[in-house]
Every structure is written in C-alpha cells, then in structure tokens.
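Given below, in the form of structure tokens, are the structures.
In the two complexes below, chain A is the common chain; its partner is chain B in one and chain C in the other.
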Partner chain A sequence: MTRDEIKTELMRIFRDVFEFKNPDPNDNLRDVHGFDSVDAIELLREIEIMLGARLSREEKEKAMDVRTINQIVDYVESLASTRS
Partner chain B sequence: MERRVVVTECSAITPIGQTKEEIIRHLVDGKSGVKKLRDDGLLSNYIQSGVFGTVDYPIEYDFKRTYRKTMGPVAFYACQVAKEILEKAGLGEDFITSGRLGVAFGSTHGSPSVQRQIYRSFFSNSESEFSSIGAIDYLKSMVHTTSVNITKMFGITGRVISSCTACTTSSQSIGFGYEMVKYGMQDAMLCGGADEYDTTTVAVFDNLLACSTAFNDAPHLTPRPFDVRRDGLVVGEGAGAVLLEEYEFAKRRGANILCEIIGFSCNNSGGDLIFPNMDAITKAIQLGLQDAKISADEVDFVSAHATATKMGDVVEAQAIYSVYRDSPLITGLKSYMGHTMGSCGAIELIIALYMMEEGFVAPTLNLDEIDDRCAMIRHATGLTETDIRVAAIQNFAFGGVNTSIIIKKI
Partner chain C sequence: MDRSQNHCLTRSTKWLADLVVTLLLWGYYTVGFLVFFSLFYVMAYLFSKNRETSFQRLNHRFYKGFFSLVRVLAPQHKWRIDSDVSGIRSCVIVCNHVSYLDPLILISLFEKHKTIAKSSLFKLPLFGRMLRLSGYIPSTSEGKLKELMIQHIETMNDYLAAGGNLFIFPEGTRSPDGNIGSLNKGAFKIARLCRTPIKVLFVRNTDVLFRPGRFLFNACVPNTITLELIETIEPDYQSKAFSISRLMGQVHMLLSTQSSRH
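Coming up: the complex of A and B.
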C-alpha cells in the first residue's frame, strides 16, 4: 500500500468505524476525539485487516506511543514496508 | 444505623410493553407477550419448546459510539432502562459522580450472543481471523457488563454489585442495593437486571424437561402458573430497573416517592441446586417479613415466582400458605411474559408497584383450572380492584437462592 492509500483508508476507518466528525490528520486522538484503550484495540484489529496480516506483540506495543492520525499513517507505513 | 429506603423511579422493557400504560393495558386486557421462538440458526431447531417471552417492539437507542463499543444486546437493555430512570430522576451530575450513588445490576450470564461470536472465532480455522478479535467482545459479554456499562455511560463512581444468580439476579440487585442505602453505605442505588434474547437458556431448561412444549402452536396459552395443564416455564427477555434513595434525601430534594422498601431476605437451600426446597423458601418468606418488622396478615398481595413448572408451583403454593395462609391475593406475573430470567425480580416489583399505584391486582393468566395441590392460597383469578398497602415479591433461582422483597405504599 502507498502512503496515500494508507491515509485514505485510515481516514475512512476513523469516520465510518469510529464515527469521528471531521477528523484532521494532526488531531490528538485522545484530546480531540476521546480515543481510549478500547479504541486502540479496535484500531489494531482494523490495521490487521487492512494489512491482511497479524501483528506481533512487539509491533502492537509500538503503537502505544502514537497520538495523531499522521503518526498512525507512519506506523502503518512502517508495518506495510516489512511485509511487502 | 438503619435508614428508610424508597423507590423514586422505575423503568422496564418487557414482553408486554415498555411504558406503564402499555404494561397495564396488557394486564387489564389479559394479553400475553409470549410468542413463537425465533429461529437463531443454531439451537432453535433442536429445542422442543417453541415459545419465548419476546420483546418485539422497536426500541430507539441513541447511545454514542463511545458507549456502544463495549455493549452487547444485554447492555443495551440495561443502559436504556438506566438512562430513562436518570433522565426522569433529576439527580444532579454532582451527585451522580459523587460516589454516593452506586449500581447493583446483573444478568444471567452477560451477553450470550456475543459469547457465541467469541466461540465462532475460537473454533474457526479461517485465515481471515486475527488474534485481537474478541478482546472487546469480552467487555460486551462479561458477567458484569450491564453494571459497568451503566457506570461508564453516566460517570457513576459509587459501589458496583453485579449479581448473577439466574432468576434472583435482579431481586438480589434490589435487595443488596436496599441494604447499601439502609445501612448508610450509599445514599442512592440504581438497581435491576436484564437478559437478552437467548436460546441457550431455553436449551438448558428444555433438557431438564422444565420448559413448556405443549403450546408451541398457541404461545399465548403458556406459561400457566398453578393451572392443572401447566407444562413448564417459558424463557423470556427484558430489563427492569429502580432507583432507590434514602428517604430523607429523597424528601429533601423533592423526589417523587413511589413506594418504600421495608424488607428484604435472601437465603439458600443449602443442598440441591435444581429442585425447589420448601423449608428454605418458607424461611426466605419469613425472613422478609422479619426484616420488614410486619406480620404476615399485613401483606395484601404476593407476586409469586410461579414459573409454571410442575413441582415448583406446588412447593411455592405450600410455602405461601404456611406463612400467609389464604390472606393475600396471589398472582404469577410470568403468565403474561414468560420468565425474563435475570430481570424478572425487578420487572415483577415494578408491575406490583404499578398495581399498587392504580389500585388493582391482575389475575394469573391462563389459570383456568387450579391444581388441587396449589388451591389452598388465594389466587387472583379475575381483575380485582383493591388497595395494595403492602406487597411481597418473591423469587427463587437455580442454585437454591431464594429472595423476598417487601414494598409498602407511602
């Protein structure tokens, strides 16, 4: 997946699955959208489905530092590069 | 310290309606909420009982995703009745989040429909399944999913009690909530129970030969508590909740006081986990009266557990007679809606309260010919206009758990 494809798909997920209104790539997910621990688990599941592959425990733990959609795009791009 | 405890709000989702008006209409018209068992694509074809106490009207939920994401169907029921209560109660947010309001709410076994999804993932060999699937399903399906989804939705920070004792789940919730307030550990408790549409429970009772099977083509004719043609219980779905408050607190804030809870008892048969125990049930009834500090002849109405099993109704009728003789009117409210399992105690208390408010007792539905072995008590066989000053709501569960709640008009 290209970076643009990843970003487009993530924005769709945040709008359709997480029901965020007008998500901005620079929004702090927790402060602006109330993103919580349950959402983090759901998002990792969505990323697994997007990539068509399971994430390792180490890979999932790296997601704990992510705060914005742009950082999630970076995270997924990195995961995708190791699987291409 | 013993404080008086009052009910200030109530809300129910039942097979015979959601509003007080709709529920009373069913009682007055003798209209049943028992329908044919729906096809669940798994067990329904193997179950001999073909009836279910069904909530078949639409419920308009408006829960945001932040709440929905951890809710299975049972939590939707629970949060809906809790929401209706808190919207009507007029308690300030300061109080709701103060730690002085607690929640006592449960269900028979969380959300069985979500549990099925989890098992499908476990047993699926599909490559499309991922390890993280099911993590949130636990929050939707766990035994205390109803109570903690309520606390989350409203920011309630007080005590949480999650009873899960099958048919006494919500009567225990109300009883334990009553004790929390009575003994000063909380100033208010939101109490109740819920259970969603579930064929697993039907299958369990079906295998025990305890489910009704003879009226699959005429669901409204079953269950038939105390009747000679009764052939077992009918599983149902629903939810019921009440708000309990300390009397002085409720009076000070101008709350609408619906009734007082004056007594609660809970004991165990200490033996067989399935068969009803006459001595233990009798003792539970006596303990309820003792806690209420009243005599048996002061009780005007008894809402019997009355599941319409062959043995259970006989044992209960004998226990009622041994304590109350033939003084109070007796109704088996499950005759209208089946056995709503974890919610039955709360729903039956709410219906008893409605009848107390409106001055009537509804008859046991389908009680065409009273079984001689149950005939010694004063059955409500017709709609009776009467002033209920004190009512007892009794419930008994698998595991030998017995409860009695005594409410009084105020």
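Coming up: the complex of A and C.
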C-alpha cells in the first residue's frame, strides 16, 4: 500500500467508523475528538483488516502512543513495509 | 413531654439506630471480610486455575451477603429488583448512577461480571490489587495501566460470549439530583467492538439508603429501592446507518424518560 492509499483509507475509517467530523491529519485525536483506548483497539482491528495480517502485542502497544492521524499513517506505513 | 421534645428524641433515636446499622455494616465490610472471606480469597489467589473468575465469584458472594444484611438491618427499605435483571448474560449493561451502592448491587446480582473503575483506585495498595485480580478495567489507559486495559478489552469478546456481563455507569459519576447527565461513549464503543446487545437498567432510591456525602446509612426511613430492566437494545452494528451517537441518544432518552417518572 502506498502512503496516500493508507491515508485515504484511514480518513475513511475516522469518518465512517469513528464519526469524526472533518478530521484533520494533525489533530490531536484525544484532545480534539475524544479518541480513547477502546477506539485505539477498534482502530487496530481496522488496521489488521487493512493490512490483512495480525499485529503483535508490541506493535499494538506502540500504537497507544500515537496521537495524530499523520502519526498513524507513519505507523501503518512502517507496519506495511515490514510485511511486504 | 411537648412535641418538640418528642421530635428531638425521635431524631436522636433515629441517629443512634443509623449509627448502629452503619457500624454493623462496616463491621461486615471489614471484620466480616477478614473472618469469612479473606481465607477464600487467599486460596483463590494461590490455587485457582482462573483467578479472575474466582475473585469475581467471591466478590459476588461478599456483596450478596452485604445486601442480605442490609435487608435485615434496614427493613423499612423495600427492594424491588426486576426478575429479568439477574438473568442477564453476555451483555453490556448500562445503568444510571445515584449512589455508591449501585455498583455493589450489580456485583451482588451477577456472578460473572466486569466493570470499569477509576484508574486512581488501581493505585491503592490492597484494593487496587483486588480490582486487578477481579478483572476490572481501569477507566484510562495511561502509563502502567495501558497493558492491562488492552488485555481486558481484547479478551472482552470471549468473556461476554462465555456468559459474563460488563456493567458500566455511562454518566461516569453519581447524579447529584437524579437527572441524567451526559453519557460517556466507552460502554457503547465496547458494545460495538464486541457486537453485543445493550441492556439498559434504571436504579432508584439507593441514594435514600446511603446519601452521598453522609457517613451514616439512612436506615430508618420508609423507602423502596428499585432496579428495572427498561430496554434491551440489539443494534445492527454492521449497518452503515449505525451510529454510536444515535445509540447514545437513544439510551439517554430512555434513562431521562424513566428519571422523569414518579
């Protein structure tokens, strides 16, 4: 997956699944949208579907420190590169 | 003896009765725990193959005993618990919150239960350990509680499928006036994550028995405590039309309608 494809898919997930209105890639998800750890776990499930692969516990824990959509794009990009 | 003296005597008698009931209940909570339950907790800790289940069962029995004692010591408080409530399994339960007694009542009703507790409680030396061992979930996932939170939420699906319940007070705190405050999304997100039905409960008058901010139980007043199942919601989580906000709105309306009755 290219970075643009990852970003487009993540923006769709944030709009459709998490019901964010006009998410900005640099928004602090917790502060601006009330994104919490339950959301993070659901997002990880969506990322697993997106990548077609299960994530390890260490990979999941790393995701808990991510704060913005751009950081999530970086995170997914690095996951995708290790799996390609 | 004139009316004011009588009133004063009645008030002091009532205060004394409340004090005795409170001391007996706290006695059960402390000495009763040590004498009747602590050994079982230690055994569960050392030998149980599934500590979490064992601790939940022990908590359930401990609070069942507590409320049996409450019924004996405060007979003026009548209890009306909807017979459908104790049969609830494999659901996310949401309930309004008016007293510290509310979570304890739900623990006394469900042998297999989990709930979300304030993260600060997990830091308390003994109590925090009990919460962890009972499989309760911290409300935030900061610092050291992060791993615990992930572990519990990830295994919640299996837990609910095996007949457990997750009960949550979505207002997050006790209502000071009985009105329903704004709801937190957590319970609904977990329900969506696990694709489970939501049971909406309504509790009433536990705050008459144990008033917020008061040490003594209010044992000597006529009161009826009720716990009702007011709705079962089975959302179509797969539908594109599904919305957490709408679901929360529906639950808020149900609770508010119930609150405005009586």
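Rule of thumb we're sticking to: the second predicted complex is superposed on the first by the 84 of 84 C-alpha atoms of A that agree within 3 Å, B and C clash if a C-alpha of one lies under 4 Å from a C-alpha of the other, contacts with A are read in each partner's own complex, and residues count from 1 in each chain.
One rule holds for everything that comes next: a residue touches a chain if its C-beta (ideal position, glycine included) is under 8 Å from a C-beta of that chain, and two chains touch if they have at least 3 such contacts.
Since this is a predicted model, take the numbers as computed values, not measurements.
Visitor: Between chain B (first) and chain C (second), which, if any, makes contact with A:D39: first, second, both or neither?
Guide: Touch partners of A:D39: chain B and chain C.
Visitor: Between chain B (first) and chain C (second), which does A:M64 come into contact with in this model arrangement: first, second, both, or neither?
Guide: It touches chain C, and chain B stays clear.
Visitor: Using the superposition on chain A described above, determine whether A:I49 touches chain B (first), chain C (second), both, or neither.
Guide: Touch status of A:I49: first partner only.
Visitor: If we overlay the two complexes on their shared chain A, which of chain B and chain C does A:E19 touch? Say first, second, both or neither.
Guide: both
Visitor: Is there a shared patch on chain A that both chain B and chain C touch, and which residues make it up?
Guide: Of chain A, residues 19, 34, 36, 38-39, 41-42, 45, 60 contact chain B in one complex and chain C in the other.
Visitor: In their shared complex, at which residues does chain B touch chain A?
Guide: 64-66, 69-70, 130-133, 135-136, 139
Visitor: Which residues of chain A touch chain C in their complex?
Guide: Listed in rising order, the residues of chain A that touch chain C are 16, 19, 34, 36-42, 45, 57, 60-61, 64.
Visitor: What part of chain C is in contact with chain A in the complex they form?
Guide: Residue positions touching the partner: 140-141, 146-147, 149-150, 153-154, 185-186, 189-190, 192-193, 240, 243-245.
Visitor: Considering the complex alone, what residue numbers of chain A touch chain B?
Guide: Those in contact with chain B are residues 18-19, 34, 36, 38-39, 41-42, 44-45, 48-49, 54-55, 60.
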